[in-house]
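My questions all concern the structure below.
By written order: A, B, C, D, E and F. Residues from 1 in each chain.
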Amino acid sequence: MGLGFTALLATALLPAQSAWAAASINKGDTAWMLVATALVVFMTVPGLALFYGGLVRSKNILSVLMQVFVTFSLLAILWTVYGYSLAFTNGNGFIGSLDKMFMNGVTTSSMAATFSKETYIPEYVYMAFQLTFAAITPALIVGAFAERMKFSAVLLFMTIWFTFSYLPMAHMVWWWAGPDCYTLAAETAKACVGDAAATDFLAKLAAAADDTAKATVLTDYGTAVSAANGWLFNKGALDFAGGSVVHINAGVAGLVCAIMLGKRVGLGKEAMAPHNLTTTAIGTGMLLLGWFGFNAGSNLEANGLTALVLVNSILGAAAATLAWSLGEWFTRGHASFLGAASGMVAGLVAITPACGWVGPMSAIVIGLLAGFVCLGAVVWLKAKIGYDDALDVFGVHGVGGILGALLTGIFVNPNWTGGWAGSGVTDYAAFDTSSKILEYSFSAQMISQIYGVVTAIVLSAVVSVIALLICKVTVGLRVEEQAEREGLDLSSHGERAYS
Amino acid sequence: MGLGFTALLATALLPAQSAWAAASINKGDTAWMLVATALVVFMTVPGLALFYGGLVRSKNILSVLMQVFVTFSLLAILWTVYGYSLAFTNGNGFIGSLDKMFMNGVTTSSMAATFSKETYIPEYVYMAFQLTFAAITPALIVGAFAERMKFSAVLLFMTIWFTFSYLPMAHMVWWWAGPDCYTLAAETAKACVGDAAATDFLAKLAAAADDTAKATVLTDYGTAVSAANGWLFNKGALDFAGGSVVHINAGVAGLVCAIMLGKRVGLGKEAMAPHNLTTTAIGTGMLLLGWFGFNAGSNLEANGLTALVLVNSILGAAAATLAWSLGEWFTRGHASFLGAASGMVAGLVAITPACGWVGPMSAIVIGLLAGFVCLGAVVWLKAKIGYDDALDVFGVHGVGGILGALLTGIFVNPNWTGGWAGSGVTDYAAFDTSSKILEYSFSAQMISQIYGVVTAIVLSAVVSVIALLICKVTVGLRVEEQAEREGLDLSSHGERAYS
Amino acid sequence: MGLGFTALLATALLPAQSAWAAASINKGDTAWMLVATALVVFMTVPGLALFYGGLVRSKNILSVLMQVFVTFSLLAILWTVYGYSLAFTNGNGFIGSLDKMFMNGVTTSSMAATFSKETYIPEYVYMAFQLTFAAITPALIVGAFAERMKFSAVLLFMTIWFTFSYLPMAHMVWWWAGPDCYTLAAETAKACVGDAAATDFLAKLAAAADDTAKATVLTDYGTAVSAANGWLFNKGALDFAGGSVVHINAGVAGLVCAIMLGKRVGLGKEAMAPHNLTTTAIGTGMLLLGWFGFNAGSNLEANGLTALVLVNSILGAAAATLAWSLGEWFTRGHASFLGAASGMVAGLVAITPACGWVGPMSAIVIGLLAGFVCLGAVVWLKAKIGYDDALDVFGVHGVGGILGALLTGIFVNPNWTGGWAGSGVTDYAAFDTSSKILEYSFSAQMISQIYGVVTAIVLSAVVSVIALLICKVTVGLRVEEQAEREGLDLSSHGERAYS
Amino acid sequence: MKYIIAIIKPFKLEQVREALGALGIQGITVTEVKGHGRQRGHTEFYRGAEYAVSFVPKVKIEVAVESSLADRAIEAIQVAAQTGQIGDGKIFMLPLELAVRVRTGETGTAAL
Amino acid sequence: MKYIIAIIKPFKLEQVREALGALGIQGITVTEVKGHGRQRGHTEFYRGAEYAVSFVPKVKIEVAVESSLADRAIEAIQVAAQTGQIGDGKIFMLPLELAVRVRTGETGTAAL
Amino acid sequence: MKYIIAIIKPFKLEQVREALGALGIQGITVTEVKGHGRQRGHTEFYRGAEYAVSFVPKVKIEVAVESSLADRAIEAIQVAAQTGQIGDGKIFMLPLELAVRVRTGETGTAAL
């Protein structure tokens, strides 16, 4: 059934849904997802906090740690209260409903679909896994406004941005009906399109005279199922583990924050060298470990593809580490450790949207490109435009995310061979539990990718500007100059990191 | 069968037992428990060591690291040699036997029961998981006597306290016959109550005329099975992952140590600010990660309930982080990072006994209360009583543990709905493999909880006092004043942390 | 079938192979192997980097971090491009082929054998797990030449040593046909010995008149299957998780580097105390966690044996921590934290080859011996010979690895009982899927072990000398004296760790 | 010759160095110190413990100059280091009897 | 005016500061230093390596006072810093020719 | 008495201490400082940011000696600290009016 609805293109993470007979949970999948979730928490608390914390001056490290820890805590609660429901229930193409607010209807036996037919995981582990994404994304932005933003403004900004930029993006990109809905069968169809419509489609299918007729019915059914999917999901924008939802989204918000807050006092005049690169090294290693949960957990199962995602993540990170180091070696005569660590993160960012769609050799190329391009962004682009993105949230996450999203469109190509072969895009539509790979079209896929990228940029930029304006008129954006000089640790939090 | 024996109330961790036909091991459970075990080791070495280490002065950090690393090592060995056997074999209600000393009878194919009928895990992974609990609990006490206790006294104290306080508590709270024993069936009953009694009960069941008669037989059988269970287990004290066995137990020991050792030289006169809060942040993050293994591992399986435990642990931690921060903000004008980190730990402590029995919204409330109450304990209670619990072992683990134990009794209520619904308590007694939820009684449950709390307090206090007295008359409790001033790193361990 | 071919002795890790009908993948195994792989990455980046980094002077820490991070990255790529293929495909007894270069033929559905018949894991997770071994082993050597080697020389040395020492060792010790090949059955034999030979053997088996005749056929078949196995595998050298391939290999290379590079400027005159033992503590804890993945992952499954490996790893580490501490206490009057941490690593090294073959009580003994012996090596041996192995790569990994390899030969003894019982060595040869334990011979086993040890020493030493000579004549070995004094962070990498 | 010791606010260091450089004074030695004076410290809280920190981070500069340059050097420092806020610091001038350049053994103003 | 330099044991700093405060001397500057003298250092072991550390952590205090106060200041420091044990430290007094308050430009004793 | 202040390269500290010890001078006080002079600093890169670090790590030694020993002490330091390379440092000698041993209250050369 060469059904052309790219709407079915599996994007990345996906939703809870009520179970049916053949649906089953494998404890191996559950075990893996529990671990993946724990690792992504670790990636934020303390991983990201330390990565950022080492890069600021010693008088500001606690403020960075605090912003990350408290952002994480705040968003974990908000996610549970309303975020999960708005992102992962049926609503329209842009946002879900409030049906599962306060975890209403979620139990220890409710299930969430994976990307494989008839394969489910406990809904709570899906909710928890997604919680970690919802918590780390805003936390990424902290790097952009570090060393100068008011703590109360940080919390207010996070709340607004999470609600109006993160939740819609997650819904648009990741919310779909799940693979079993695309099997036109009695047990599943009712839950997916309602009783009446299901009976109707089944009758039509039974009546279909030949294969072409059957295909038409399946196409119509697929369209009906997809009606409630996320808008970008239906556009076919591929984003395996969050290139657009997480990295472009946060990167653009960081850029806006950097511009609207203005430069740190003393920038360009005083030395602002990282106060402790060992701390940054610790954070980098934790980010790497957590990212394995982040990327490989996004497959929602523990299978051969999960293993490939893990391999790709390692290779993307490794290749970008080498590329950034080489880039510095050539342009400055030295390969710095901070460069290597930055490269590692850039590689992980770029491989994030691609990791489940590309072969290992492609992952190496993506990593290499990410290393060179992000180095360029951080050194030349930033200097040229002149914003003070303190810890390069835009240069690494924004630029790396965009690069990764576009390269995904290229390397997903299933027509290549060996270690270069992409996975192509799965077509789940069938009247049995089979599924197949759709034909690859470079231009169509790139257009889909660009849809995803542009939506993330525009939404995040607009929401960020508004959120910052609200902060400005209510609690104020920046601390006093005197407080900034003294350091936020003392002035905002009443303590010092080192005695 | 509304059998009223709360003795069956599943507490938390549970024992090894000889296998029977339908018993099976799922590799997904095994995989999860391997990971959970590894994470709890990580929670102690280096997690707890770093959390504490950052809080002392730089001249004492190595002594803290050393005390935690060596306590862990010592107890891992003692656990293997005799601890596991004394805690997790049949004996009386207060302590087990020496049957499994030196790992006698434990093999790669012996199995340990979980909380689900017919579901087992390899005994070695159960033994290893429990080892990590036995090792971290004494290590928690290190925070109370930090910066002044003799290293030899630490080791002697640990050995005595572990043997006479930890092992009995673990046996009293967690040792039970396992769920399959409560199925009155030919295959299982013999292993659980002996051949003769089993034949007898089975005959009586066959002879039972009606449902009431059957229920009586089952009740009697249940009582027979429960005879060898831990005393507090039979009392129905709920403690999912170690609120009383671990936290109250260690917290009270810490209080006793703080009082009996006396204050650190210079306390109140010299500044004793934490020497490196970044180190404490690293430790906090590792504690959080490890705690996921600690709490969610306590379910012994990888299923929907495990996922809920994970969610509750995240939420308890997050809510308490916010609460402690808010509490400081209101009372002192600043939310400190050390406060946030302390809140995170306090929330994890309080959610520990509750995490498998309560809904996610309840977990948030427990976390919020833990944040406020422990902040109060650490700021006001400690100042009022005037003991020098250097790193607030009692204020966080003791107080948080008691609070959590009591709140568990409230929030386990299965009659609430949605995200507030507690799990209630499972009644395993049946003549098939079914099991059901017992009716909830607030007062009965609270009395059970108080039993657990009071036993932990009394036992730990008594054992601690005796152990310290023994240390005092043998090796001596404290280092010389001159050595304390110089710092324990140099005076006790001959090295310095930083050059 | 008491077939005497020790060639079948299972060593540790093993290879990919094309699947057959009864072969199946359990998601619990996959989940565990994903985690184990992630943990071994964490063990290197940042674990090992931090462990080493804390031990150097503050002016050199970034150079150490950089060397470890970039070595890891470089080798991850080389492993994917040609390393995996050379190590884990059929070739001769010393090296494999280039068939799987660029991941050719490896897909998300290709499978790798485990040690249990009919049990497989996704080939990508096996490849990734092995990648982590290939990446950490060269990184271990960094400790020997720390604080003085040129960065370009490090990279060149790593590439050569990896290709000519690591890959052959891995192939010789770990490459084998997998357990199912030793089942003489129609489905498997063709894939293992080729169509013609398989038909021939099956005919002979059918024709065999009695059990002796059958045994002869099976022996011949086994010999045919083993023809392509690694040379040391066929010698029966036991090395569960890499005592020879990883630790002796790296330890000897470290010794050669230390000798050929010469001493650090100022050694013996200036204080070279570790600049930050807290960093080393963090690294130690990460090494411990990662090692659980390293050792217990080497079982390739999640079962009772995996749990025993975990227990043994904990006990080996714990016992050696105590032993090293006691050793220092007796000989110097103080037990130092650095000693405890070093002991922990030494215990993990020594238990590595043994962890899947010995009982828990034996693991304790191995750990105790490792603690005392490595302390001796580091304090007395090093002083006596007078090389400057900066961070004791040879004293801990070389000596601990040799000790562990020899003790494995003793404690594998299956005739002991209780917690002392070794596993013995599995004989997989059968015409059904059964397998049994071979009879234990102390002298035969020790000779096998010595083969492994000596091969690793000789190969690594020769390759190291040649690699260093190549570096010397091309890029040069050491930085200038002035650069060494200034510190490699500034002179080689243009940055400082602390501001 | 004179030995000038100045205690200044840390973030003024670069400006002071430049001001001295403008006078041709290259050689200076800098130490991180803590100061107590009119500028009050602050209070820190660590859980239950409250510490009044009476010291404020400062930077100490030492410059040996020939006597004739001393006045101008002091003025340059004073101007460059001034913010007008409490805690700006002090400049002290001590007599210097001898200066030696280690490398060459030169003494007196030649050594500066 | 006099420039007093005192090397004391670190944990005596607060007491010394108070003793000076009691004399009305507020301004002091403090540096962490390492000292070598009669008080012997210690030996440290790091695996195979043994280091004789000949230096002991000390705190250096610098106070500029008007000459008339110098004796009382020195006595106050001496009394407050004393433990009677070896390693208690030294007090040195140097002549001070000029003092300037950066904030105001005041000089002389008004600047102290 | 004289108060000698020497700025030297850090790795020369041990040699200087021994040279002074050979003259019978035990008591010295050491501070980690940063120096600026003829010896140029270096440039550091942190991602996009480039910092010209104008200061070089040095060690400052302070020794109070009786006047008669001063010359020999200075010479000993100069010889021991010399590498002949730029950045070897300086030695300054200031007049010392009074020295007190805190432990005993002894003054003058007895206190050194």
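Just so we're on the same page, a contact is a pair of C-beta atoms (placed from the backbone, for glycine too) under 8 Å apart; a residue touches a chain by one contact, two chains touch by 3 or more.
What you see is a predicted model, and the numbers here were worked out from it, not measured in a lab.
Visitor: How many links in the shortest chain of touching chains run from chain B to chain C?
Guide: 1
Visitor: Kindly list the shared contact partners of chain B and chain D, in label order.
Guide: For chain B paired with chain D, the chains in contact with each are A, E, in label order.
Visitor: Please decide if copies chain E and chain F contact each other with the same set of residue positions, more than half shared, or with different positions, and reply same or different.
Guide: Chain E and chain F contact each other through largely non-matching residue numbers.
Visitor: Compute the distance, rounded to whole Å, between the mean C-alpha positions of chain B and chain E.
Guide: Centre separation, chain B to chain E: 51 Å.
Visitor: Report the inter-chain centroid distance for chain D and chain F in whole angstrom, where each centroid is the mean of the CA atoms.
Guide: Using C-alpha averages as centres, the distance is 17 Å.
Visitor: Where the centres are mean C-alpha positions, what is the separation of chain C from chain E, in Å?
Guide: Using C-alpha averages as centres, the distance is 56 Å.
Visitor: When you check chain B against every other chain, which residues touch at least two of them?
Guide: 26-29, 31-32, 35, 39, 271, 273-274, 276, 282, 286, 332, 334, 336, 338, 494-496
Visitor: Could you say which residues in chain E touch two or more other chains, in rising order?
Guide: As it turns out, chain E has residues touching two or more other chains at 31, 44-46, 94-95.
Visitor: Provide the full list of chain pairs in touch.
Guide: Result of the pairwise touch check is A-B, A-C, A-D, A-F, B-C, B-D, B-E, C-E, C-F, D-E, D-F, E-F.
Visitor: Mind listing the chain E positions that touch chain D in their complex?
Guide: 3, 17, 26-31, 62, 64, 94-103, 105, 111-112
Visitor: What part of chain A is in contact with chain B in the complex they form?
Guide: 25-35, 37-39, 41-42, 45-47, 49-50, 53, 61-63, 65-66, 69-70, 72-74, 76-77, 80, 102-110, 122-125, 127-128, 131, 151, 276, 279, 282, 286, 489, 492-499
Visitor: State the interface residues of chain A toward chain D in the complex, per the touch definition above.
Guide: Contact set of chain A toward chain D: 266, 269-270, 485, 490, 494-496.
Visitor: Looking at the complex, which residues from chain C come into contact with chain B?
Guide: These residues of chain C touch chain B: 26-29, 31-32, 35, 39, 57-58, 271, 273-278, 281-282, 284-286, 288-289, 292-293, 296, 301-308, 310-311, 314-315, 317-319, 321-322, 325, 332-338, 340-341, 344, 359-361, 364, 418-420, 423.
Visitor: Which stretch or stretches of chain A touch chain F in the complex?
Guide: It is residues 271-274, 328, 332, 334, 336, 338-339, 342, 378-379, 382-383, 392, 395 of chain A that touch chain F.
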